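Structure first, then comments.
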Amino acid sequence: MSRLTRRIAGALAPTAVVHAHCDVPCGIYDPAGAALAARTVARMVELIGQIDPASTTVADRNKFARCVAVKEQHAELVKHEVQVIWSDYFKPEHLAANPELHTKVWNILKLASKNKQNIDAEAAAQLETAVKEFSDIFWSTKK
Amino acid sequence: MSRLTRRIAGALAPTAVVHAHCDVPCGIYDPAGAALAARTVARMVELIGQIDPASTTVADRNKFARCVAVKEQHAELVKHEVQVIWSDYFKPEHLAANPELHTKVWNILKLASKNKQNIDAEAAAQLETAVKEFSDIFWSTKK
Amino acid sequence: MSRLTRRIAGALAPTAVVHAHCDVPCGIYDPAGAALAARTVARMVELIGQIDPASTTVADRNKFARCVAVKEQHAELVKHEVQVIWSDYFKPEHLAANPELHTKVWNILKLASKNKQNIDAEAAAQLETAVKEFSDIFWSTKK
Amino acid sequence: MSRLTRRIAGALAPTAVVHAHCDVPCGIYDPAGAALAARTVARMVELIGQIDPASTTVADRNKFARCVAVKEQHAELVKHEVQVIWSDYFKPEHLAANPELHTKVWNILKLASKNKQNIDAEAAAQLETAVKEFSDIFWSTKK
Amino acid sequence: MSRLTRRIAGALAPTAVVHAHCDVPCGIYDPAGAALAARTVARMVELIGQIDPASTTVADRNKFARCVAVKEQHAELVKHEVQVIWSDYFKPEHLAANPELHTKVWNILKLASKNKQNIDAEAAAQLETAVKEFSDIFWSTKK
Amino acid sequence: MSRLTRRIAGALAPTAVVHAHCDVPCGIYDPAGAALAARTVARMVELIGQIDPASTTVADRNKFARCVAVKEQHAELVKHEVQVIWSDYFKPEHLAANPELHTKVWNILKLASKNKQNIDAEAAAQLETAVKEFSDIFWSTKK
């Protein structure tokens, strides 16, 4: 695997729950945080799927509880990261070039909530796709 | 600027203060968070340097206070992100290949504290370099 | 002053920095939190205006620092509270009745950032007005 | 439903977990935050009661886990909001007029803990009643 | 210095801002957290006193800002730690033995707020004394 | 029980989740926070062990969920408290006297993660022992 691929793969690896606090403004933004969070949501749905739902062992119940908590945090993180870039980075000229921007953001946020409220691999995949699309719009403004 | 360069530049753009909460383990880690935080620390030192230190206007004092707070958060973030990858990702075989690992991590943490306690462009640059080195060690384990 | 007036006045009194965590959904929302936060931002600008900007007494500098911090937290709170109601409460039928909804939300978020970055009584007043307008739209959907 | 009734109903709708950070002092307080939190605790107990306790579907277990977490946060919120108003707003002259104040606050805090430790609709109702009483005392000081 | 003295001295050393989250109940409490926080408030007042208030160097302003922030956090910590022990540990039989308990707690909370709002070595010393008294009451219940 | 014994017993009682925020530096540190957190982890494992794993009553499931959450927070707390003392307090001369320091810290962090991922009384006991050893090293530097 090339360094670039690893870098991209690594960029899909959230190690943390992220809360934007900059707004100085520092002038630099990256949708990687939102992509990482969406990846974690999907990963948690995956891990939960591997646990026997009827299991009553403490180990399995401990794992289930922890995965639900991490899924919650990262779905919230997607909402927050996307909102920060949408409100702090995007300017009217970007909206003019991407008139569907607000609608797409609104839908990502609703999709993140759906992923909190459900354990649904398809909804998680849709979230990753929607965040990817948002990221593409972001990068298109840098050309 | 190529997409890759922008991606890397973007990856150096922290939008958030990051706190690792995963530890499930989700199995994926990325030192980009620490690099982003170190970049923000340097950026804050830069912005502070542009403020006339003797200014008593509320605008300048508001900006100074905000930059100090963001610098603090991101220096703390470097400490946390590096510690998480060090303790959760690196295994004994990695340490065998990089016997200076613990020392380097210890020094990054001390350098982050130094950046909280001072407004020092050189210390901020050293922090970015040290985090880059840590990141290189991380990626070398993926080969 | 009647009980109702006091209630409304009291509702304009934020005691806290609020972070939405519900999303269960509990099915109940209130823009009072955002209004409270906007009121606090304005109140902080007011208090800062009462401090002699050239003062170097520790008491005044302590007060200035604390007011800036509270202003920051509550401006962030406005952003978060508005985003939560926008994404979690408003449905497509509400958007159809209020086609400017997304634009107004976007502008409130940008105005909140402006209030973090500045100490500006007019910007603080605009924020309160914008949040009031958002609140009116919210309540109009309940008719 | 009149605007006033909706307003009151809306005021019983917590969108967030609230942490008091003001203490500047900003001079304005409102027990609505505590009332909102108590309402959410009761709402969570209600939602949990609608889940089949023996269900092992991931959807039900996900919902249960999320409701318990929100109940915890909001019970903690009641404790914090009440303590802040009790310590920061009430003055000795208010205590003279309400000699049972300290006892009532102590009991609200213990009742909130009871609601964390149990899923008990009656305890949740008692918490709402106790917070309402505290709110009435607060407003009586404004006459 | 004997091990015991060092232990006590060390116990007066707060390394952190503490937020009670247990309430399980785990059945164990310690006022050392509140004592540590009060010690930090006093320490911050001490450090601020060593900075030339008229200094406009970035180093001094950075230090001042950081000390004010830490003082704020630890004064809030005193409030929270004391409230938790008061509401979660103390029982009616303890109150019977210490009828001034509620009053003393109320006064500690007000004193902590005073320490946020001021940089006052005497107020900081009073806070440590009041917390020590509260701690003595706590330990008297264990006899 | 002597006052000293009670003091030590009390020192093993974590009332809170602790996040180090000092780094001023205030110059004072105490591993008691880490010991308290490790004690809570063990206590949670103990409490979970008292719940019938097959129980589907809401009371038992509520208790289980809460204990898992507290265990998570306190295991994270052990990691953070130990890292702070390791990076902020220990100096090169201490390392020279305790050449295994880095290794021991690394292992404590890994053991804390193990305690999050499992409900294991033996792992919890090992964590307390490892933190005790770290504490002994800390105090040996004060002689």
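Assorted remarks:
We call the chains A, B, C, D, E and F, going by the order they appear; numbering starts again at 1 in every chain.
One rule holds for everything that comes next: a contact is a pair of C-beta atoms (placed from the backbone, for glycine too) under 8 Å apart; a residue touches a chain by one contact, two chains touch by 3 or more.
Quick caveat, the model's predicted, so the values are computed rather than measured.
The minimal number of chain-to-chain contact steps leading from chain A to chain E is 2. Identification of common neighbours of chain C and chain E yields B, D. Of the two chain pairs examined here, A-B and D-F, it is A-B that is joined by more C-beta pairs in contact. The chain with its CA mean position farthest from that of chain A is E. Matching residue numbers shows that C-E is the pair in A-B, C-E or B-F whose interface repeats A-D, with more than half of the contact pairs in common. Look at the CA centroids: the one farthest from the centroid of chain B belongs to D. The distance from the centre of chain E to the centre of chain F, each centre being the mean of the chain's C-alpha atoms, comes to 21 Å.
Chain B and chain C have Cα centroids separated by 32 Å.
Taken residue by residue, chain B touches two or more other chains at 21, 24, 63, 65-66, 69, 80, 116-117, whereas all remaining positions touch fewer. Here the chains touching each other pair up as A-B, A-C, A-D, A-F, B-C, B-E, B-F, C-D, C-E, D-E, D-F, E-F.
Per the touch definition, chain B reaches chain F in the complex via residues 21, 23-25, 76, 79-80, 83, 86-88, 102-103, 106, 109-110, 113, 116-117. Of all the residues in chain C, the ones that touch chain D in their complex are 1, 3-4, 6-7, 10-22, 24, 26-30, 32-33, 36, 39-40, 43-44, 47, 63, 66-67, 70, 73, 80-81, 84-85, 139, 142. Taken together, the chain F residues at the contact with chain D in this complex read 56-59, 61-63, 65-66, 69.
Those residues of chain F whose C-beta lies close enough to touch chain A in the complex are 48, 53-54, 64-65, 68-69, 72, 116-119.
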